Amino acid sequence: MNELAIKDLLYKLADDQLILGHRNSEWTGFGPILEEDIAFSSMAQDKIGHSLAFYTLLQELGEADPDTVAFTRNANQFHNSQLVELPNGEYDFSLIRHFLYDNAEIIRFEMLSQSSYEPIAKVATKLKGEVKYHVLHANTWIKNLGSSTEEAILRLQSSLNEAIPYALGMFEPSQYEQELIEAGVYAGEEAVKAEWLKRIQAVIEKTDLKLPDLATVEPKLGGRYGEHTEHLQPLLDEMAEVFKIDPTAEW
Amino acid sequence: MSLTSLDPRVTRLNLPEEAQPIEPKPELDQFETYEAFHQKKEGAAHTYVGPVHAPNEDVAFLFAKEQYSRRFACVGLWIARTEHIQVTPYAGDGENVYEMMHVEEPAERSEEAEAYEIFHLKKRGKAHTHAGRVMATSYQGALQEARTQFGEKGPIVNVWVVKSKHVLQSAEEDKDMWTTIPEKKYREAIDYKVMDKITKYKEEHKTTAQ
Amino acid sequence: MYGGGNVFEATKFDDLQTEDPAKLAEFEARIARGEKIEPNDWMPQLYRKQLIRMIEQHAHSEIIGALPEGTWITRAPGFRRKMAQMAKVQDEVGHAQLLYSAAETLGKTREQMLTDLINGKSKYSNVFNYPAFTWADSNIISWLIDAGAIVNQMANAKGSYGPYSRALERICAEEAFHLKYGHDAVVHMATGTPKQREMIQAALNRWWPPIMTFFGPSDKMSTHTETLMRWKVKMASNDECRQQFLDMYVPKIWELGLTVPDPNLKKNMETGQWEYTEPDWDEFKRVINGDGPCNAERLAVRRTAEERGAWVRRALLNPKAKYVKPLA
């Protein structure tokens, strides 16, 4: 198996989860109700934990240790989709992003738990149960709020419209796409996207929300190749502020 | 002008410089309450852990899972709306509340019986634990039945009775949701071991705790 | 995270003469036997009032206490600290949830408590009105403020009110992680690079005066205090808690070669008591009444969080639902 292809896959998995986990952690203490604050924080921790698991696999493949990889790279070295780096906005945007992201993530985890590349399969199998909760959480909220008040529906719809081009960017194919599919690592981004669409549609149909016509949406691509919005670098600078006081120190 | 904080997250909230009081929160702004019961391990009885505020039982389930299972072993969760739980009076420690209560014979026995869940409190200050399920046609009938089936093994200071159909139970196929992976040790005291560092420092610097 | 710094607003000592003497005797006998009081039991008005006030302030202290450490949640260095800092701040929010619920069983709704917090009508632990300037401040809070809170909470867990005891048992179990995590972080800083050492000493210097006020001024022994102690509402005096804290933690600070910024701090070997410079209670009083470095920010954050979440709560409000206070 081409190691570069595996590394590329691991980086995008890890970077997505690190950045989204970081964003979601910004809500801790500011949530709309105490119980939700707690649930959202748990999911943020899970995501950071998942990224660590994948960075650890990268380290086993000869990359630097997880702390160095996560806390010292610049934005153009990150492979996350642009969706996860966008600022939290109001809770409607954070929820919609969570819904769009985790419904894709669970499919990746399901596929990867069957992967021919055993280290990934092991990690995905172990962590899948957590992502299952994340999806249950996201779908329950969208179903509840998406068919509630006009105010809530309007908010969610406008966040959905705003997020959808970025969400499509999650499925930007890697340069190793064909190789990964042929080697049975996973079924590839097109397959993830097709299944994702079915799943999010099934939830959205139960609400008063409308999925924009995807044919008219221009996906926001580039994230997988290190092209990011203006929001990522400041996020990374903030995340590494203490770490960079002395990267060799033990904190 | 907005407030600048040492917390970059707070700065991004654009807080107003001047404090404004809020209108008193309306009733149910925090939603109604649901009571949560967790199962510590396979086969163990469900035990009361506490309430959550939520708009409905599905959301209550999402909330209770993280509030009550994130830090302790848990393999399953039951949720019941507070309103749906009937509570007996409380007896004193060491007493059996069943013996102090006049439980009426249910007026009618013709209706179709349904299932009720029974929870016992063995000692004040402890938590209610699931005693079992009974079939009855009313709460009174369920209590009567519970007394016959599990009421002898006192002391029992208090009983909760709730219809089984009012209890949301975590699904068998979602078992994997409850697995706590070993990497979560960072939330446990046992994961922090610094004695070596302290000992080494003390040796090198001859510090003492005096 | 909660101490005893609430004495400046003691409620008026209600006249127990108005209570039914037979019921009062039964209630006191139950407590004397070591039994817990449960929500539906008869209880004197003073007991109910004091407990609501105490548990509510404790809950506020948790939710506001999440903010100083939250200051560093996005900047914690390295995976291990990043995840643990998130989990710790999350726990504080979780504790608030548990405590508000316990207070609710006594008849005050969470809505009323949150309104009173934001409008400044009810207080929270004064230490959280001080800022966490650096990552090291956050470490000192995690270790020493939580250590103080544990001293206080372990005592209160033995109190007479069932729901509060149950909540505190859970809270103490979780705080064990906080304490170890905080200590671990402080040890890493103190035994680390010169820069780290300098950071942690500076943070200790900043936080020591607030820490010394954490348990509140010496209790004035009054009939009121005696009654609350007999009813197992107040479980230990502020001075006892402070002495216990100093006994447990000053040696642990000293063994790291750190300096406690109080030249008068020493244990009197004859009395077994710690001697220290009397904290500035005037400042304490001023800060608790609103004039601290972070009071305005803390409340503004809470208010803004509530306002930003209002649409979510409005959307899911079920007009047919009726409020029933939690059972236990």
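Just so it is clear, A, B and C label the chains in written order, and each chain counts residues from 1 on its own.
One rule holds for everything that comes next: a residue touches a chain if its C-beta (ideal position, glycine included) is under 8 Å from a C-beta of that chain, and two chains touch if they have at least 3 such contacts.
On a predicted model such as this, the values are computed, not experimentally measured, just so you know.
> Please give the intersection of the contact partners of chain A with those of chain C.
B
> Count the C-beta pairs in contact for every pair of chains, then give the pair with the highest total.
Most contacting pair of chains: B-C.
> Please flag the chain sitting at the greatest distance from chain C, going by CA centroids.
A
> How far is the middle of chain A from the middle of chain C, if each middle is the mean of its Cα atoms, in Å?
Chain centres of chain A and chain C, defined by C-alpha means, are spaced 37 Å apart.
> How many angstrom between the C-alpha centroids of chain B and chain A?
Averaging C-alpha atoms per chain gives centres 31 Å apart.
> With chain centres defined as C-alpha means, what is the inter-centre distance between chain B and chain C in Å?
Once rounded, the distance between the two centres reads 22 Å.
> So which bits of chain C are touching at least two other chains?
Where chain C meets two or more other chains at a single residue, that happens at 67, 70, 72-75, 83, 87, 94, 97, 188, 301, 304, 308, 310, 313, 316.
> Multi-chain contacts only, two chains or more: what residues does chain B have there?
8-9, 13, 30-31, 52-53, 55-56, 59, 67, 70, in rising order.
> Return the residues of chain A touching two or more other chains; collapse runs of consecutive numbers into ranges.
26, 30, 33-36, 38, 42, 49, 52, 144, 238
> In the complex, go through chain B and note every residue touching chain C.
3, 5-10, 13, 15-16, 19-22, 24-33, 35, 48, 50-53, 55-56, 59, 67, 70-72, 82-83, 85, 87, 89-90, 92-93, 124-128, 158, 160, 186-194, 197-198, 200-202, 205, 207-210
> In the complex of these two chains, what residues of chain C are touching chain A?
Interface residues on chain C, with respect to chain A: 63, 66-67, 70, 72-79, 81-83, 86-87, 89-90, 92-94, 96-97, 100, 135, 185, 188-189, 192-193, 195-196, 301, 304-305, 308-316.
> Can you list the chain A residues touching chain C in their complex?
Residue list for chain A touching chain C: 22, 25-26, 28-38, 41-42, 44-45, 48-49, 52, 66-67, 70-71, 90-92, 144-145, 148-149, 151-152, 155, 238-243, 245-246, 249-251.
> For the complex, which residues does chain C have touching chain B?
Result: residues 30, 33, 35-38, 40-41, 67, 70-75, 80, 83-84, 87, 91, 94, 97-98, 101, 104, 109-112, 114-115, 118-120, 131-133, 162, 165-167, 170, 173-174, 176-177, 179-181, 183-184, 187-188, 190-191, 251-252, 254-257, 296-297, 299-301, 303-304, 306-308, 310, 313, 316-318, 321-328 of chain C touch chain B.
> For the complex, which residues does chain B have touching chain A?
8-9, 12-13, 30-31, 52-56, 58-59, 62-67, 70, 174, 176-179, 181, 183-184
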